[in-house]
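Shared chain: chain A. Partners: chain B in the first complex, chain C in the second.
Now for the complex of A and B:
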């Protein structure tokens, strides 16, 4: 799964030559075979490396603060999101919904790899949501829909239908 | 900027250390909030990830993160944090970037408060660790967060964390038996430990007859009565008697006042037919097969308090009493049924003894209840050209009066009782579901009489020639078997307020135990004890198919004993694969694997590593064990027998790791502190072994006792460990001498397993009597006396030939060829005789 994400990311970044990947361990952590040195281990680490390789450092954040925030969400993706249980899903969506209340993107006002990787990671959760739940977590849904339509991002994932008009009134939530 | 941290939080360590080393100005008030540490940035954004906070602080002070730094941080977040409780960590190369050092240091420092250092391939970690530990910022950060309390300072924070997730991500069935333990519980556990055995009551021997007692928890356990005619296979055994046995043993250890009864179910058509086949009376058939059942269960160490039979006077007495009460209370109805009767055989034919042409699809071999070809259910009377399967005569249709139990009339009462029982008792999910679907389909009157000879006679004058239908009278067998055990059986069976009744069975028996039988008892209105906890298993399959006696597939009855694998290993494996939530399967390969890995390498290995004993002080690993113990108890009570077994194996694994890490065999040769540590470790381990032996008792009673013998442990530890709420006490204290330690388990080799799998895979002929055995001499090793004889002859002849050739000074090549043949023959002979085929050392050629 992680390997497909990385290849989609490469396509988005416009990297002409796709890299060679392998996996390690039970958790199938991705490994990048680096020609210039020892291999790189870890989804977030490799994603950042790719952004640098494509000469798009702004995708990692343009200030010290936004860079820290990007790293924070990358870490969130590979820890909380990837190993969440059914019970955790509610809390994750609730927290994200609150967080995204006043933000267009995860790291403030710019699109970053945090948005990409969080989108890839949260996709299976969103797919399973009912219409009412999608309306309940309105900010998450709005952000998700925005990212999935962002040019060049959605490669290996099917689109999730998001209705423009609310069906459930606010009384239902 | 504001930094929010909390006491005892290891993640704060890293942040504070980073703060100090980077020199960034920050307010550090101490607060307790749910997600900490948190950094409030000047722009108003919050950072809640400790790693992100550290990165930010480093970047702001001018030290950026390299890619390898990224990699370490990611690994720290995904793997290392999760391994907080695991001592054994492999690290790659020591490195000099400070930031990752802080992160890893903060976690490791909390673990290494006792004098343990890495050895062997991980020695390089020590150097790195010492270097980082001496950095002032780390020390002061550690001081701030832990307040000098070491590991204890972290305790309250750690307890509030959720239990670690399994690496498989989303769990479908979270075990809700894990919980955090409060300070008081841990203190109490430590206190109990030091009390030791002296204050504990001695275990008392069982006194028969066991009767309910005031003030005690009185538990009556039954296992579904196996039908006498069928030799039980592994599926039957785990489904009923073995499950009930584990629970009963456990209950006795806990000090409950427990009675476990079972017996053979002997009445019915099948026995009658078998009797006819073998030319014996039904009674003799039952006597013969009852003994077979009894010996099989004995071999499996099933500890019944009483194993009886349904063909007794008490059965007739009690069944007829219930019958009359039902009749008096108006719960029986009469009806006429049309049945096929064979005048030749002088009996009414059961459905499967009639064959004819299916009225729907014209298939000529349709049976009396269902057509094998089109699958439609039919009544025997509908068959065209029916024939009695035994004598091939055409049966005639006769009407016969029968009595029916009016279940619809009892429905309301039943539902009321079910509501109470299923909500207060521990019924397995499948039992509840099956019962519900029976009720949903609507209850109909059930026929309780049959036109047979072998059964409990119906006492009503209008039904003189009839007997009770086996499904009406078999459950009454529980009562009559108890009556044969003690005259005071009514203290168990007519005492619902003092007695809890547990019924163990496979799922196909559920409706009879949850609907039909309770209705009989409710209708009889004699204050009968009804089932409080109904435990039903799913089916056990054999490899990838089903057990089948006729096709010779699967392990039946005493075949298990013949394999040479001890009963305890069979018990262990069957319990390990007990079909609880869904069907499971017996697999030879899997049994060998579990034996070799869990029993031999885990459990057996741990017990065997003990060397000496010195008395102990508590240490944090024991907290783990106590947590496992509590989980174990709650699981066993809920009859999650498999999960409980896994907890026991976990404890053993902890024990192994504990010894592995602490290497007492090495430390004992060191200085004073090391020797004391070694002593502590061995002392704790020995007591863990003692605990394990007690916990294993319900599962593997022989192994359990063997361990105690090897440890020379007093019998009183058995009762102490599991009485009341269970406590882990120091049973083997300073100066205790253990017995001789020897291997507990044998390895199951691959070729042994292959041979067994073949043997039970459906190639043996069905039920061939003893004389055939003399002819079949080929055993597992290929030893074959017949062949050996022929080969001996051949070897002798070939030997002569070679000698002749040599005497004649024949061509060298010819001689070599013949010699080769001779050697080959000798090899084959050795194999056939079961000897090693190694050739004897070559004798040099003698010069003539």
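Now for the complex of A and C:
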């Protein structure tokens, strides 16, 4: 899973030569054997490295603050999202919905690596949502729909239908 | 010495014991004294009752055994308006609540969904004893009251008659209720979530149904079943006006009409019979017998072991069957128009009832279009697919998809009522006419209210040979439906129809969430009483 994600990320970044990855341990942590230096370990680490390699450092945040926020969401992705149980899903979506209420991207107004990795990570959750739930977490689905249509991001993932109109009123059913 | 000591000790013990006994005795004596006092008081009261000047003005009335014909007009609570001010009237009502405060006692008198505040106050008309008697009348007792109607300065918010109150001059108990009620009416009408902070109770559905007689007295239930009666009446009026004939069909039948899985079997002398799942076969036979347009209102039985919010094992079916000229859409138009007439009638004549139910179960007003929206099944499937639902062309609609489609239709067309036409033939009963243009589909339709199915109908096969073919295809024992098939051999007009569930229509019109709320004495796999 993580490996397909990284190769999608490579394509998005426009890296010509695909890297070779292996995995480590039960949790299949991705490992990048670099040409010059020690191997890089972990999804977030490798993703940051790829962004730099592609000379797109702005994807990691353009200010000190946004760089911190990007790191925060990368960490959230790996620690919270990837190990969430069925019961956690509701809380994750609820919190994220609240957070995205006044934001276009996770780190404010600019697209960053955090958006891609959170999109890849949350995709399996969103696929399973009923229409009514998608409407309940309307900020999440808005952000999700925006990212899945962001040029070059979606790649290996099937598109998720998101209705633009609200069909459930707050009171009914 | 020691002996004495011992003796002394035992004496002491004895003394202690006797002390205890004495105390006990004393207590008992006190108790007895209190009792005596009470008795004395009571007798004193009784004696004072003798000099109670108002003793003829209240009391338990003798059982009404039709001893006398009183020439007394009883006014209805809903007619108590300021126009009746200062009149002395008689009234029969239930004691909804009573609250005594010193020399006064306030009663709320209820009649069906209407109530009015009444007051007994010590004065030249009522004695102390009378006020006490009024305060002690148990809730839900039925009383006859003579009172004068008085206008009030401040509206009484808690009553339906807000502008007047009654000053009681006489009060007689006609039927006394037991002091402990299985449920409190106020608790049964409390909207979900309200009064939670105050720790007030709401009554759950099963308790309500177990004590249905009390629950039916609530304003909400009164309104629901008045509206239900309205649906039946509007149904009859509209169809009669269109030239339909009301028919009565047998409910004990020899063969299952729509698949044998969900029929009740009853023993019938030496053989067995079934309870009718619908009057289907009989209304069709009436068409073959030249009745042209028929309808029937009666019980329908389904032995489905499903415990959902919308399934009952016995419900009231409103069934329609009519011969048409060239196209079964004539039938659809006739049925949808009938439904629209019902919706309009309810909207125009039952607003009070709708508002009353809304107080407890808020919902948006029911919306419909004229003429009614008709979508084809394939269009519906396309709308669902557009919303991300994966389903095959000929799959039946699942309940969640049905509801979702309802929401999509509401969003797109702003209607809570629509027809879905041209169902796949495979999911319909054997007597459904196949679509001439596409053998996979059929001339059948469902009607939906707020995204839930209320009517299932179709053009029927009126050709004996095709009917036999389809019955064989569905593996139905031809022997058992012989009389049905035979009825089409001697000239049968093309015809179609449909059946509506009365309870569902009421539930969905009012936006309720459980069909048991609109069934007076619901029957489901787990409930056979009351």
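In this text, the second predicted complex is superposed on the first by the 171 of 173 C-alpha atoms of A that agree within 3 Å, B and C clash if a C-alpha of one lies under 4 Å from a C-alpha of the other, contacts with A are read in each partner's own complex, and residues count from 1 in each chain.
The rule is simple: contacts are C-beta pairs under 8 Å (C-beta built on N, C-alpha and C of every residue); 3 or more make two chains touch, one makes a residue touch a chain.
Small disclaimer: the values here were computed from a predicted structure and weren't measured.
Of the two partners chain B and chain C, more chain A residues are in touch with B.
Of the two partner chains, neither chain B nor chain C is touched by A:148.
Contacts of A:97 after superposition: neither chain B nor chain C is touched. Contacts of A:40 after superposition on the shared chain: chain B is touched, whereas chain C is not. Looking at the shared chain after the overlay, A:139 reaches neither chain B nor chain C.
When the two complexes are superposed on chain A, none of the residues of chain A touches both chain B and chain C.
Contact residues of chain B toward chain A in the complex are 41-43, 45, 47-49, 51-53, 55-56, 59-60, 67, 70-71, 73-75, 77-78, 81, 165, 167, 169-172, 174. Chain A contributes residues 26-27, 29, 40-45, 48-49, 64-65, 67-69, 71-72, 74-76, 78-79, 82-87, 108 to its touches with chain B in the complex. Interface residues of chain C facing chain A in the complex, by the touch rule stated above, are 362-364, 386-388, 400, 403-404, 407-408, 410-411, 511, 513.
Interface residues of chain A, counted against chain C in their complex, comprise 130-131, 160-161, 163, 165-169, 171-173.
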